[in-house]
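In the two complexes that follow, subunit A is the common piece, with subunit B as its partner first and subunit C second.
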Partner chain A sequence: MSETTDQRTDETRATARPSRRALIGWGGAGLALGAVAAGGAVAMATGGESQDSGNEAGAVEFHGVHQAGIATPVQDRLHFAAFDVKTDDRAEFVQLLKDWTAAARRMTAGKTVGDGAYGGLAEAPPDDTGEALGLPPARLTLTIGFGPSLFEKFGLRERRPAALVDLPKFPGDNLDAARTGGDLCVQACADDPQVAVHAIRNLARIGFGKVAVRWSQLGFGKTSSTTPGSQTPRNLFGFKDGTRNIAGTETDRLDRHVWVGARDGGAKDAWMTGGSYLVARRIRMNIETWDRTSLQEQEDVFGRDKKEGAPVGKAKEHDEPFLKAMKPTAHVRLAHPDSNGGITILRRGYSFTDGTDGLGRLDAGLFFLAYQRDPRTGFIPLQRKLSAHDALNEYIQHVGSAVFAIPPGVRDANDWWGRTLLSEEA
Partner chain B sequence: MSETTDQRTDETRATARPSRRALIGWGGAGLALGAVAAGGAVAMATGGESQDSGNEAGAVEFHGVHQAGIATPVQDRLHFAAFDVKTDDRAEFVQLLKDWTAAARRMTAGKTVGDGAYGGLAEAPPDDTGEALGLPPARLTLTIGFGPSLFEKFGLRERRPAALVDLPKFPGDNLDAARTGGDLCVQACADDPQVAVHAIRNLARIGFGKVAVRWSQLGFGKTSSTTPGSQTPRNLFGFKDGTRNIAGTETDRLDRHVWVGARDGGAKDAWMTGGSYLVARRIRMNIETWDRTSLQEQEDVFGRDKKEGAPVGKAKEHDEPFLKAMKPTAHVRLAHPDSNGGITILRRGYSFTDGTDGLGRLDAGLFFLAYQRDPRTGFIPLQRKLSAHDALNEYIQHVGSAVFAIPPGVRDANDWWGRTLLSEEA
Partner chain C sequence: MRAVRLSVAAAVTAAALTSVTACTAKSDAADGDAIRVTAADSSCETSAGSVPAGQVTLKIENKGSKATEVEILFPDDRIVSEKENIGPGTKYTLTAEVKAGSYEIACRPGMKGHGVRQKLTVTGSGASAARDPRLDKAVAAYRQYAQDQADETLPRVETFVQAVKAGDLDAARKAYAPSRLGWERTEPVAESFGDIDPKVDVRADGLEQGQKWTGWHRLEKALWQDKKIGAEEKALADQLVTDLKDWQKRVGTAEITPTSMANGAKELLDEVATGKVTGEEDRYSHTDLVDFKGNVEGAQKAYELLKPVAAKNDPALTKELDKQFTALDTLLDTYRTDPADKTSYDFVSYDKVGQDRRKELSDAVNALAEPLSRLAAAVVK
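This part shows the complex of A and B:
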């Protein structure tokens, strides 16, 4: 069964189950429903479910050792936002992270942000913007990250992890400052784009005056899979790329290549244990040029056949590639772990199309998202090689870039995003 | 059953059926498949299916008296493009319309654009960009339109329909020239965004050198329904708007308000019989301001309750509204046919989120699409009233605008988009 079919089945299963409306207890004209939903107690998604698979209502568990949205099977749609911090009051910033965590906990469970103001207090500003009412949780995950510039604030300079380096300038980079960097990021993934957009919008709303959106990116279709054995979705070049991605069930590979270990970076960086590092790159594809290229050239550039996604000379996407059969500049050959001393990163990229570029061309491409244990031994050496030699460079340009430390997961209902970094206790 | 559930069911049904891959006859390593798909004969979707419901493979019939994508039940996702014509050679333009028609016929049936070059001629440029391979038709519809500026070319000035007027400047308009106008438009709607993006991209590719994309818009979520009795999806204000939309099955209302009649505009405009007129408006929503507004104010602005979407004082979305119970500036009251001498338009709008605006705010809103028999008695008088009085104006701004004549449908496999306007025969 293809992954596409898997996902659609998930989505259907979700819609057949209690909707957001039902979860928050609305019904009929519902003027007194505050009483039903209020009280502060937050019923969590059933604890017996794996973080990765989503429960019967289509909710992915928010709590865990690691944040959801990394090893979680890749959802269909993305809304990603980078924020700049505007407050210089550390206590206010910590309170924002606590408020965000509470909102994320509710939204990923398919609930509204607020817990009852709608029902009883019609004059109060809504606690939730409302456009996701009636929609299922849609496997929403929310994943927070801290950019290098955050560590210039709040006396955090000494806490900046050694692995959170500034990315070097790579050959061919043409970065737009307006799509680069950010003190914070939130990755919202869901099978319904309205649910992902709703989540980012409500976090921005809660953060009003304390943080501001620096840039954001909508991803309309996933290009990666973290589901074992499934087919890789096609990117806007029409190819399956990233076939050998880490599956969410491969705990050994996740521990080796994605999750920060307890001893990584020494005692100073212990707060990152169970976390990861995210590199985000907005990669514009020159699709008009690509579309006038012959099939042979396209297949040579990737080192795969276009139809099946099989490596050169092989029959199926997941067949073991024979790298020497490919041109030395083939993308698959250059990016393969065997050509890079074993470098492996977890990719969760999405295709984007953001209107036109003013020159009659679609502004389309890949919003590349890669998680890794350490960018210094992950994305950076890989991209040094690719940016220097990859035949694909003729058809792409990196136009936005950011790197974030992804803290460990929120353990339970009392925990909050960033506690291991910012808590004054112990 | 809610419309959302309906749609998901459609989507699932589609994925369980032959995919694009199967339809074009690929299998295995497939080096000789040109023979299977080639030959020029285009197998059409089963003729017994209604244009509106989609066949068992999830394909909507391309041929008909009217173009699909208007009365068709609204698909989940949109990619819309406006083009400027670059050629001044009428024969070349006509050939482009024929080529586009052939491509649209194949893509809406879930096929690749080309008919075999892939299989046998590996050195030839691909006939299709490939990113939709393996995906189902996803109820793709492609709908073409002709803007006023087209009639300045190719000696068409005398053929411009009387109803295709330039839109006046409305109070509050703040139109961006880069998102306004266009000689041609194509509306691509599908349940899978990759299928809609693929279609526009391939039409742009086929048109290279003859047309150029002027602007384009991705719509991530539908805000309208043309399915009888279904609930209206929420817009980014969190409200259900457009509840009383024309259903695709209401042939009487379609004939009265949407389709151009045989005598409309006299003999000169007879080529538009069976067509329609499309008004497209990019409406930016000031969601940050809206989100700080009280629930009472929000409900007063719309004249509906937010939860159910019921008109003021009523219980359910589809209950008959009592307009005098609403504030005089309420959106529902002002837009209701009873307040406008019966004006009724068919709406197919989509929500958009296009990153940020440089001021820390999301660039989000409604891409409004309305079909009508005559803009002079449809959108224009309605928008004159709304732009002057609607309480919603405090929270929205129209930033892009276009109007197009939508020619009648393509009758059969020998017909082509625009024939009634451009054919030299009879």
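This part shows the complex of A and C:
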């Protein structure tokens, strides 16, 4: 064991305690100058070469009435993490949310966390883990949510929104407790997977001792689009699904189906105004059996053709479907708003493949993410119907589940995630 | 704490920038006492063979075709300081605090073998910068602690070894975990010698090609998995005593600094995180929680000794560390075979600890290790 430092620390330390070399090197210029010079060298080393991406292009605005990462055009990659809160100290939890907000504000702008990934004290680990250095912001968005179990803590029981209900058990659910629930969630979406993983990793690190990762999920390919007119990306079954998704520009549909209104849930739930509710489901797809299914059956199951994604009897994916032309158990027919009294959710799911399952099959599927104004009139009735009748059920299984209240956006540089729920004035 | 120090640097930037630019020549002169080390595939040239004691700076350039490693070594090959993985064509500056004496600088192209060596004489009376006397006191106390642990370990190892040599499986199993406690408490100090750890504490998966498996874990496998003690095991038991006596003899000479103490505490938690929480350390005996407890106690000892200084420099950090040490201790208490006996080292067998409880332990280790990684900075501040 020996005391080892590198160049930078040596010089940094000189600001507090002039090194012998500083004194010699500055030819008797004196203690003060020696210290100043050494400090200057540090500033040059780190200041001349910014650790930020220097590429504001491709950054999504973090501040706003609503959190980014919902109506934002869907990015290519996902890292989603659910956390358990470990602290029982409300002030400490609030401080964590403030620290997270500060880190999220920087990372979404393509900047490093804290004092960066290098250039600090050699004796201390760097604030930022460094793997996103040199990468662009990649349209990173970070979106926080509060699970029902959070409201059992910190005296928040009375603040739990009426719409944040526990999801019922649906037929066919085979939920793994280790992939279900969570006091908090953070959804990281970016066009570069490393940027998304870096964000979750650094938030988890900041959270140690206050929160612990309960489970997390990588998504490698988007399955939804919130960009008007664009093609719907295909899921791992090779089909386009959710072609009637809400576009980020359709403010009226967003207000009607996604954002929580000022009067939703009464005064008690006013803190959720501008927020939303997220349902996350890990849906395992039985890839191998699906691939052995005839094209006709595949198309019947979805109620679309495989090439265009057009509804039965139509030519293009966005053509209005004629539901009665489909089999009664066809996925589109069952899930379509017209079959559900207009129920509309904003889908933002990602395909995942977590290697293989030990039985020689892909452990793959859809990590379903749906935002809505109220799960009681959104996902729950929809899934109740699908879980009972959908022909797809033969090929899928829901193995993880969570629901979160998504608070409104962070307004400005002084605001923080969860302020409307947790600030003293709130 | 880092923010504070960097802001000091930033505050002087404006003034310093000009002076630094204007005084390039002087700035070079400031590097005059650095040793230039030019490493190549079969050579290791140094610009000086003698330097005054104190901060020694190596300006390393790898002109070879392979990644290299450069070390400053004590006469007995103990590492003073090192930098691994210096890529071809790259430079690195290594500094170390070195007392007067004879040393070697080794360049190890390909990062293996004896390497190419150059003599280095450090002159003077050991002019290391004056240190806070409280830290000197902490180092001295920790050195004594490390020695005490070795001294207390040897009789326990003798008990274990006698049982092995008597062919008494039950007695040997009972003596196994207690014989490891002192080692586990001070492992980073023992590991600083480099050659002892691979003899006494290597696991099957840690063996190099052709390396003979010796030490505690080899005997652990014999006792729990093979369930038999043969002539070879008895010989290995004797060897364990010999190797640990070597540790006992040398532990007092270990280079210990406040920084290495703090980092050693963090390393003990790393040991817990990578070896104990996963159940890899004692995979046959499942006595991982005893080692776990030993690691945490050793980390806590180093921390308590450094705390007076750290608490002054970074009170928020020590408050957090106190809290997390207590939380982890409290959690470990729930795994005691007799929950009422807080002095015993009997813990439940780790194979009885389910995945969700292991996660709880892992979360508690993360909660402590993260702030502990900032202790060194709080001490040198």
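The rule is short, and it goes like this: the second predicted complex is superposed on the first by the 359 of 426 C-alpha atoms of A that agree within 3 Å, B and C clash if a C-alpha of one lies under 4 Å from a C-alpha of the other, contacts with A are read in each partner's own complex, and residues count from 1 in each chain.
Just so it is clear, a residue touches a chain if its C-beta (ideal position, glycine included) is under 8 Å from a C-beta of that chain, and two chains touch if they have at least 3 such contacts.
Model, not experiment: these values are computed from the prediction.
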{"item": "Touched partner set for A:267, first subunit B, second subunit C, both or neither", "value": "neither"}
{"item": "Partner chain in contact with A:114 - subunit B first, subunit C second, else both or neither", "value": "second"}
{"item": "Touching partner for A:134 - first (subunit B), second (subunit C), both, neither", "value": "first"}
{"item": "Touched partner set for A:205, first subunit B, second subunit C, both or neither", "value": "both"}
{"item": "Which of subunit B and subunit C A:288 touches, first, second, both or neither", "value": "first"}
{"item": "Chain touching more of subunit A, residue-wise (subunit B, subunit C)", "value": "B"}
{"item": "Residues of subunit A that lie at the interface with subunit B and also at the interface with subunit C", "value": "2, 4-5, 12, 15-16, 26, 84, 123-125, 178, 205, 208, 212"}
{"item": "For the subunit B and subunit A complex, residues of the former touching the latter", "value": "2, 4-5, 8-9, 11-12, 15-16, 26, 28-30, 77, 79, 84, 118, 122-126, 128-135, 178-179, 192-194, 197, 200-201, 204-205, 208, 212-218, 220-221, 231, 233-239, 287-288, 290-296, 298-299, 305-308, 310, 315, 351, 353-356, 358, 360-362, 364"}
{"item": "Residues of subunit C touching subunit A in the complex", "value": "1-3, 5-6, 8-13, 15-17, 19-20, 23, 26-27, 29-33, 54-55, 57, 79-82, 92-97, 127, 129, 188-189, 192, 254-264, 320, 324, 355-356, 359, 363, 366-371, 373-374, 376-377, 379-381"}
{"item": "Subunit A residues within the subunit C interface of the complex", "value": "1-7, 10, 12-13, 15-17, 19-22, 24-27, 33, 36-37, 39-44, 47, 84, 86, 114-115, 119-121, 123-125, 127, 178, 205, 208-210, 212"}
